[in-house]
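In what follows, chain A forms one complex with chain B and a second complex with chain C.
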Partner chain A sequence: MRSGSFFLHMISLETRKLMIYRVDFWITMLVNMVAHLVVLWAIWNALFAESNQQFIGGWDLQGILAYGVMVFLTGRIVRGGDLQMIIATEIYDGSLSRFLVYPRNYVFTKYAQQLGNVAPDLVQSLLMAMVAIPALGLSTTAIISPASLAMAVPSIMVAHLLFFLMSLPPQFVAFWADNVWSLSVLLRFVSMLLGGALLPLSLFPESMQQVLSWLPFVYLYQFPTLVLLGKVGVTEWATGIGSCLLWCIVMGWLAVPFWKRGSLRYTGVGI
Partner chain B sequence: MIRVRNLRKVFRVHRKKPGLTASMKSLFRREWIEKVAVAGADFEVNEGEIVGLIGANGAGKTTLVKMLSGIIHPSSGEATVLGYVPWRRQDNFRRQVALIMGQKASMWWDLPGADCFDLLREIYQIPPKQYRESLERLTTMLGIQDELNIQIRRLSLGERMKMELVAALLHSPRVVYLDEPTIGLDLTAQRAVRDFLLEYRRETAPAMLLTSHYMEDIERLCKRIIIIREGEIVYDGSLKRVMQEYAPYKNLQVHLRRGSDPDRQVLEKMGKISRCDPGNICLQVSREKVPEVAAEILRLFPVIDLSIGDPEISDTIERIMAGRSGDSE
Partner chain C sequence: MARYLKLYLQFLKFSFSRSLEYRMDFWFRIVMDCVFYAVELAFFTILYQHTDLLGGWNYDQILIFVSGYLVIDAIHMTVFSNNMWWMPIYVNKGDLDYYIVRPVSSLFFLSLRDFAANSFLNLIIAGGILTWSLMRYPGELGLDNLIWFLFLLLNGSLLHYIMQMYFQIPVFWIHTNRGLVNAFFSTTKLMERPDRIYSDWTRRFLMTIFPTLLVIALPAHVLFDGPDPLVISLILGVTAVAFLGMRSFWNLALRHYSSASS
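After this line comes the complex of A and B, so read on.
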């Protein structure tokens, strides 16, 4: 109970911290949204016009545009704002020290902070969706309904947890290598490519789709987006959530030895 | 409260020669050296005691504090704080200690102090009544009640340090580590921090381990000091005793009648000359020779005034830190 209270407090504190910078909040939203929408609209319009087809990989133009917008918005929430490398940064610059003195689990604290960091993204994503989806027009292949929205919320939550846990081992490498920015970029790029954040995986070759379905990346981006767009049935959704949680356990389990061995090497900067 | 036995910490440090070629080489092969930060420390600190940990930069003070607060693991040796091994980081241990690092902010930069303290209440699970009383008492003692709702980043350095002190002491820790708490502060702020620490100690009697480069911090706050040089403890005892042991000389200051020019050769036989010009003499003289030399000066020169005093504590400690203890002459 007390841990829960601390957890909520930490989330609230992080959110308040970010909301202080109102200019940054609105500019980030507008720049991101406009840039992404323009690129998405231009590429897919050109492709559909060139191919002279009404459907590509089971999507109509409005559907694929809705997928592009929604995967972008859910992806921002899943990745957890600007705190993707916070642990590696704190190991590098020694600010981990203050958290080690607090009688709280460090990873738990960081997760709460990450969740708090999501709040502005959540607000921005909702506002962007409310503008972008009607602007793109109605699709016959992707329909957001109250039921799909209700199913998407837990899907995005477990995806966020999975991304957080997945990013722990590369970040803990900072105990050995100091600067692990490249690992973060690699994780982000690989997870986006193989998770369907750039293209729906249904556009990939069949054999590759088979392989990717056994990897965790699909649960980060494509799965919650398809759920949101009403393309996942209840049974498939429940199996997906279960699989995502299983991957969370695996990733959490993998992170433990990195932390145990790494924290023995921690110097806290300087002598 | 704090018990340290043969505590040692060796860091493995990557050594890189300057230049682009060396940088390219280091991508494939690195040269590592071992740096002994703490070389077998032994000491104890009791309840209510403030112990000053003194040493030059890189002597190992902060490393020692980091080990005793549980931030880093030692290479070997033992330590217990309140009966706990610090680097096991048990919650019961962490609830009873505090660490204040003058060079590192621990507060949330973008939030006002009140919000930060509220979070610390959750972190340390401080009962609401105790929290309110503690916050009221500490902010009154430090005079920062009016700054509680201002963003930390908008406060002056002195005010920020006061906030750090409140943050560290809200949960009434039994052991407090202060790593250069007055660094960078102006004289008024330094004095305020010192006065506060003395008052806090009088009221709550925690064990305190203080590192500082300012001798005034040490002289005002600590009766006992530990001097650390290149990772080794070279002195552990009272501040008074350090003078007797490591400053076996006194300073003789002599003012002569106007126009008197003392004979340098005569003075050199009496002690080490630190100043000698017409009208003024300053000599360092062995303690046992002081009466004899003073009488000789009174006999030989037209003295207006003569004073005998101990050297500055800071000079003495600086000599010990530099490995020049006892070389008074």
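After this line comes the complex of A and C, so read on.
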């Protein structure tokens, strides 16, 4: 099987696996969406009402609600399902052995699986957007257009790749440590706060915003969301995509020594 | 009762000795929880850069509210979390048999067997944050209020566990509860925010049918506004009803359970 068709086969396999549990799929979607929208709506309405301000961090109420919904939906796609523990589990239970004898690169195979995990999240995000966007109303600070939508697709794709590559080193620590679940969760907490998934970064103090703009987290959540909401010009967008790809190279490069040293320590029986 | 206490002491002994075997994980988990605490505190600190009040509470009050939630989360991570993780695995693999045949309550055994000793250190840290936020509070907090608050905090931990169990138990029928558990964790956001930001109808719903606001938001009101008998009765009453309902749900699930050896 050629690399391309193998890649697509892995994606389809992973997607079908996830779609077996349909009740699970719909319940997760519904509860997630309702809980998120209720909290989002309540907290920003209360903040705008109690602060007596029309704009906070450059956003009006409708704009910040749009940001909250979109960062939630794009974030689901960027994180692409729950693959974080799969690599560590394969290292622990020895199922990594069969991948090592396959004539395919291990990380390449895992990325195909990760993409397969995205498909249900993508469907859920689109369905949620269809419900949430009409409920938001119009905003003067966030306008979704066909152009912004077209620019957002590659932004989300590179963000997804960056998240996958960032997740690799904590997973490869499993070659040394007995449990790395905490490291994956840690990465998620940090990236969500510093990447603008919890709050737009324009609400952070000025000095912190400067520092955060130099870190990779901003490309995971805030950048694709701002692109989607039409707040990023074409030049800025191209620079952002380039920076994100640069961070992908850095993160991939950081993962290499973990894999090389770790795989030398690895022992497994049978396949 | 004495038998159950003795058994729980054995669980503690076993859990501490086991967690010290995995030293790296021990520290990873402590760091993870500390980062979680930092993220929660940073979230509200940033919001209060733009307002003086949120849900009627000022920054000093919100710090106590968040710290209280951190203590509840730490109790959950220490006492219940590992057990909640294993429960669906036992059900699906048929390992539940070993627990059903023991001469103690299977619910007790499966909910409390694994005590996360590493998270216990985080419980101390979360307790420290709560103490700090109470000490720096500029207003007067009566002793009565404080005692009620701490008692209702423990009740909140129990209620948090009960609510998660409602999302765990369906595993007996649907075989994977990954989505349900994820759904539960997404609803915990509702309890991490002040109750007065919600509309009246949402508050009513979240105080009775899905009582997330009784976990920490209402106990915080008892601390700031004094022990209102009506509020306290509501919190304890709903917890009792939720617990009895959960126990019946558990017994119903056990009747539906089958494995190769049972």
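Here, the second predicted complex is superposed on the first by the 267 of 271 C-alpha atoms of A that agree within 3 Å, B and C clash if a C-alpha of one lies under 4 Å from a C-alpha of the other, contacts with A are read in each partner's own complex, and residues count from 1 in each chain.
The definition used in the following text is that a residue touches a chain if its C-beta (ideal position, glycine included) is under 8 Å from a C-beta of that chain, and two chains touch if they have at least 3 such contacts.
Quantities reported herein were computed from a predicted structural model and do not represent experimental measurements.
Asks: According to the stated criteria, A:131 is in contact with first (chain B), second (chain C), both, or neither; which is it?
Replies: It touches nothing on chain B or chain C.
Asks: With the two complexes superposed on chain A, say which partner A:189 touches: chain B (first), chain C (second), both, or neither.
Replies: It touches chain C, and chain B stays clear.
Asks: Report for A:149: first if it touches chain B alone, second if chain C alone, otherwise both or neither.
Replies: neither
Asks: Which one hits more chain A residues, chain B or chain C?
Replies: Of chain B and chain C, the partner in contact with more residues of chain A is C.
Asks: Taking the two structures together, which residues of chain A meet both chain B and chain C?
Replies: In the superposed arrangement, which is not itself an observed complex, chain A uses residues 21 for both chain B and chain C.
Asks: Report the residues of chain A in contact with chain B in the complex, numbered from low to high.
Replies: 2, 5-6, 9-10, 13, 16-17, 20-21, 94-95, 97-98, 100-104, 263-264, 266-268, 270-271
Asks: Provide the residue numbers of chain A that touch chain C in the complex, in ascending order.
Replies: 21, 23-25, 27-28, 30-32, 35-36, 38-39, 42-43, 45-47, 50-51, 53, 56-57, 82, 176-180, 182-183, 185-186, 189-190, 192-193, 198-199, 203-205
Asks: Using the touch definition from the top, list the residues of chain C that touch chain A in their complex.
Replies: These residues of chain C touch chain A: 22, 24-25, 28-29, 31-32, 35-36, 39, 42-43, 46-47, 49-55, 174-180, 182-184, 186-187, 189-190, 193-194, 196-199, 202.
Asks: Taking the touch rule as given, give the residues of chain B at its contact with chain A in the complex, in rising order.
Replies: 11, 35, 37, 58, 60, 62-63, 66, 69-73, 89, 91-92, 94-95, 97-99, 101, 104, 106, 108, 110-111, 115, 118-119, 122-125, 151
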